[in-house]
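Every chain is named by a letter (A, B, C and D) in the order it is written, and numbering of its residues begins at 1.
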Amino acid sequence: MVSPILLIAVPLGLAFAIPVLGLASKRVPRYVPVIAMLFNLVVSVSLLPHALKAPIVVRTAGWAPPYSIHLVAGPLGVLLSSLIALIGLLVAVYGIDYIREGAKVKYQILYILMLVGATGVVLTGDIFNLFVFFEVLCISSYALVAYRGDSTGVEAGAKYLIQGAIGSGLVLIGIGLVYGTFGTLTMADIAANVSSVGSFRLFVSLAFLITGFGVEAAIFPLNGWLPDAHSSAPSSISAILSGIAIKAGLYAIARVVYTVYGASSILPFLAVLGIVTLLIGEMCAFGQEDIKRLLAFSSIGQMGLILFALALASATGISGAVFLIVSHGLAKALLFLASGYMIYRTGSRDISSLNGIGKRMPIMSLCFTVGAFSLIGLPPFVGFASKFTIVRAVLGTGSTFFITLLAIGLIGTVIEGAYFLRIVQGFYFKPAPEDSPEQTEGKVPFSALVPVGLLAVLILTIGLFPGIVGRVLGPAADDLLDRTAYVQHVMGD
Amino acid sequence: MRRLISLLLLLIVALGIFLCFSGASFGAEGASRAGKLTEDKVNFGRRYASRGLEENKAGNIVASVVVNYRGFDTLGEVTVLFIAAVGLAAILHARREEATPSKAEPASLIVFTGCRFLFPLILLLGAYIFIHGHLTPGGGFQGGAVVASGFLLIYLGCRGRGLRSAGVAVAESLSGLAFLAVALVGLAVGGSFLLNFLPKGSAFALFSGGVIPLIYVAIGFKVGSELGGIIDNLSGEAR
Amino acid sequence: MSFLSSYIHYIGCFSLILIGLYVVLVKPNLIKVIIGINLMGTGVNLFLVTVGYIHAGTAPIFSEAAQQPEGMVDPVPQALVLTAIVIGVAVLALALSLAIRVYDHYGTLDLRKIKALRW
Amino acid sequence: MVGTAYSVRDRLKGFLYMLGISFLVWLALTRSLEAQEVLVGAAICLVFSLLLNTHYIRLGLPPLTVKRAAFFAVYLVVLLWEIMKANLDVAYRVVHPRMPIKPGVVVIKTALTSDIAKMILANSITLTPGTFTLDVIGDRLLIHWINVKAESVEEATDLIGERFEKYLRVIFQ
């Protein structure tokens, strides 16, 4: 078995090496992210069977868990790190030819480091280390949103950075309160002691942590940065931001709420927040004319649904949430990647300019349609399986509160269906705008077709055979819910 | 209006924090824990203070914590700084291409000569700080910052004599890789990332603390070259 | 009074945090917002150091074997603050580079006037 | 600038000066004569001197002789004495009820040629309170003086610069 720490160390080393490689050859750096993510994918998948048996606890510096930082590669962590590596790999392949302007070598470095940050977030077992990797993820995404230095990118980057910096400040206050209260930073150690302290201070520190992580997770009042950042970034980065980065924030919230604090009393509040986020995201998406902004708002909506499912606190509910994380990650990455070349081809991000593109870019449009249908939740795509799991979980709880919320939430899904169908209808049944100039640079290279096609195939395959992922979902949910087992694995006795 | 809402929000936060402190004991000084300060189980910071010297043979316990016990954080921290340097260069990349070379006013002879005289000595001070990081206050980050201040001095005093960016990139890469390599050797030798695998020597000597000074030197180089690169990029001169 | 004397450090650092937050929320100038973020970061760092402080404690550095660890302050918050400071510097550098580019494009740092992107 | 050719002699001089000065600084920093510290210090100073000696070549440092070193030591004492005297002078002017000051800018001449000598002269003048070197242009020093006693270049040179320059001329010329 390979040590899970290599999932972080090897890509990090490759990223550090890029400046030197870039001096030697101009072409080499663009292949480095592909190598790094391929390595991560292979290692993550090979770790999966081990992690299913029992979480792998990796110590650093040779000291037992409470006294040093450790990684916990449980089923959830390894599943998410596989997802990160998979999407990261496909987007890296896409990026080989997609990135044409700006500091290309620096883009590749930041790209790897962003994924390293996300991997670190899902694997670490130490709350301050979680913060550090969270910052690695966030700071590289600020830089990537603005890396072209164009006016919208810079503006979006500045907004994102201001809100993100406040968020991480709040997280740090929360961590300070936790350390002052428990004298430890190991999540398992905190979880073991959490009942021994007066509850108000716990509530305050939890509120700080949730608010801080909620900025990155784009939960309702804190999502002002997301549409700008996701729409102004290059499409490959939007794919990662929507597919992975915001999920890392949500993972952090779930980990803190469930494993560390075991705080079941705030869950209904989170469920309401989730549904509000869902409705607001979908309603804003409905009115958008810009395709990337539409996709960004749709991400907010989906995050709301995931948060709602996480707040159900039942094994099925969390399985559904994790499943939705997977399916939304794949679908949203596909949509952003496909729209990237459509925008190159038409030279515009207006939805109306994409009319009739089904004839000009048949493969891209088909893949986009697959992604959109999956996102709406149409069978036989993976989105259906995940949303169905969530509905089943809500019905399983039998509580009127959750069922009412779900009913409200379904309105959001209907809206989602409406606008995606409108776009798809435009692709195939509307004539192309007369004056649209035929951009020659929009020729889709092979390196872009492969990841987009693969994502579409994956969405279809997992949708037809949900068992591929389904085997991991149950243990992943337990990983989050079963605090005593988590503490036992980490602390040893 | 905006002002009012913000004040209200802050008031709520302040109230929450106030209530949070008015409860039970808090922090290292917390009354209920004061009697148990020496117990390891209670607070792992205490354990480091009481056992760190014996375990790592490094006089500076903070250095032990930063490089050994919580060395993984430090790796992330170095990465964050690396991201900032790279991201800053990427964002200002277009600006550099647009900018026309401006004629820098040469500094006065006093400043110019003084810079030339002091620059190597500032680098020496930086090197002293990061080499002695495990014995005295300071360490890789502080030493690196001092080194970068030397580059800032050169930028201020000897205009138009910036860093050679290729050299900075190589120093940045190699020092980062050296940190990782030391950590990975620990994994290969003892099965644990960042393991302090070298003989630890006797405390308070220069050669003590195992890998701690090695890593601190690598961090010093990395931080120095990164901050130097940031200064170089922010100076905004077209090359 | 005893509350004030034992919590004066906390009052100080949280005042700094709240002032920073207020600046970020209210001021329209990007540079002032960045200053606000930094004020808040400083407050948070002070808070972390304060968490590990014990009355009349010394720095956790041994310079001779005879020293006793009991009087030393907690070394962990200091290590955390080191990390937090470096992260703060990174964010600051990036924020300033963004401010430079924003000024290049819009000719102003007033966030109310920069509105290429709206909902 | 790197391309400029220096003679071997110049290079050696710059290298040795830097080695000496940096090693002295190292010893002052560590305040220890343990073998490990001294060896590491020597190695670092050697590397620095090899890499950065161009910085010192252009300073125009003179060859080191016993006489020069002795004069430098004397110079330090003189400088200290002058600083003390000048401090008292300024304190007197500040405390005096009528504040007998007459601020103005004067120009003085110097016969020194090397950069480092001019810098030391300028900094010595700045260190003594009441006078402040604004700039050095060629062989002229622009000085702000709190109590201008003489306005002609020669007299001002005698009053301000000469007390330092006579030593510096021996050391650097």
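Note that in this section a residue touches a chain if its C-beta (ideal position, glycine included) is under 8 Å from a C-beta of that chain, and two chains touch if they have at least 3 such contacts.
Worth saying up front: this structure is predicted, and the values here are computed from it rather than measured.
Using the contact threshold fixed earlier, the set of chains in contact with both chain A and chain B is C. Looking at B-C alongside A-C, one finds more C-beta pairs in contact between the chains of B-C.
Once the centre of each chain is set as its mean CA position, chain B and chain C turn out to be 16 Å apart. Between the Cα centres of chain C and chain D there is a gap of 41 Å. Taking the mean of the C-alpha atoms as each chain's centre, chain A and chain C sit 28 Å apart. Chain centres here are Cα means. That of chain A falls 61 Å from that of chain D. In chain C, the residues that reach two or more other chains under the touch definition are 21, 51, 76-77, 80, 83, 87, 90-91, 94, 98, 101.
For chain B, residues that reach two or more other chains under the stated contact definition are 17, 21, 26-28, 43-46, 48, 70, 73, 76-77, 80, 83-84, 87-88, 91-92, 95.
In chain D, there is no position where the chain touches two or more neighbouring chains simultaneously. Here, these are the chain pairs in contact: A-B, A-C, B-C, B-D. For chain C in complex with chain B, the touching residues are 3, 7, 10, 14, 18, 21-22, 25-26, 50-55, 59-65, 69-70, 72-80, 82-83, 85-87, 89-91, 93-94, 96-98, 100-101, 104. Within the complex, the chain C residues that touch chain A are 17, 20-21, 24, 30, 33-34, 37, 40-41, 44, 47-48, 51, 76-77, 80, 83-84, 87, 90-91, 94-95, 98-99, 101-102, 105-106, 114, 116-117, 119.
Here chain A touches chain B in the complex through residues 3, 5, 9, 12-13, 15-20, 22-23, 58-63, 66-69, 102-103, 106-107, 109-110, 113, 116-117, 120, 126, 128-129, 132-133, 135-136, 139-140, 142-144, 146-150, 154, 157, 177, 180-181, 183-185, 197-198, 200-201, 204-205, 207, going by the rule given at the top. The residues of chain B lying in touch with chain A in their complex are 16-17, 19-21, 23-24, 26-28, 30, 33, 42-48, 68-73, 75-77, 79-80, 82-84, 86-95, 166, 169-170, 172-174, 176-177, 180, 183-184, 186-187, 190, 192-196. Across the interface of their complex, chain C is touched by residues 2-3, 6-7, 9-10, 13-14, 17, 21-22, 26-29, 37-38, 43-46, 48-50, 52-53, 59-62, 64-66, 70, 73-74, 76-77, 80-81, 83-85, 87-88, 91-92, 95, 135-137, 139, 141, 203-204, 230, 233-234, 236 of chain B.
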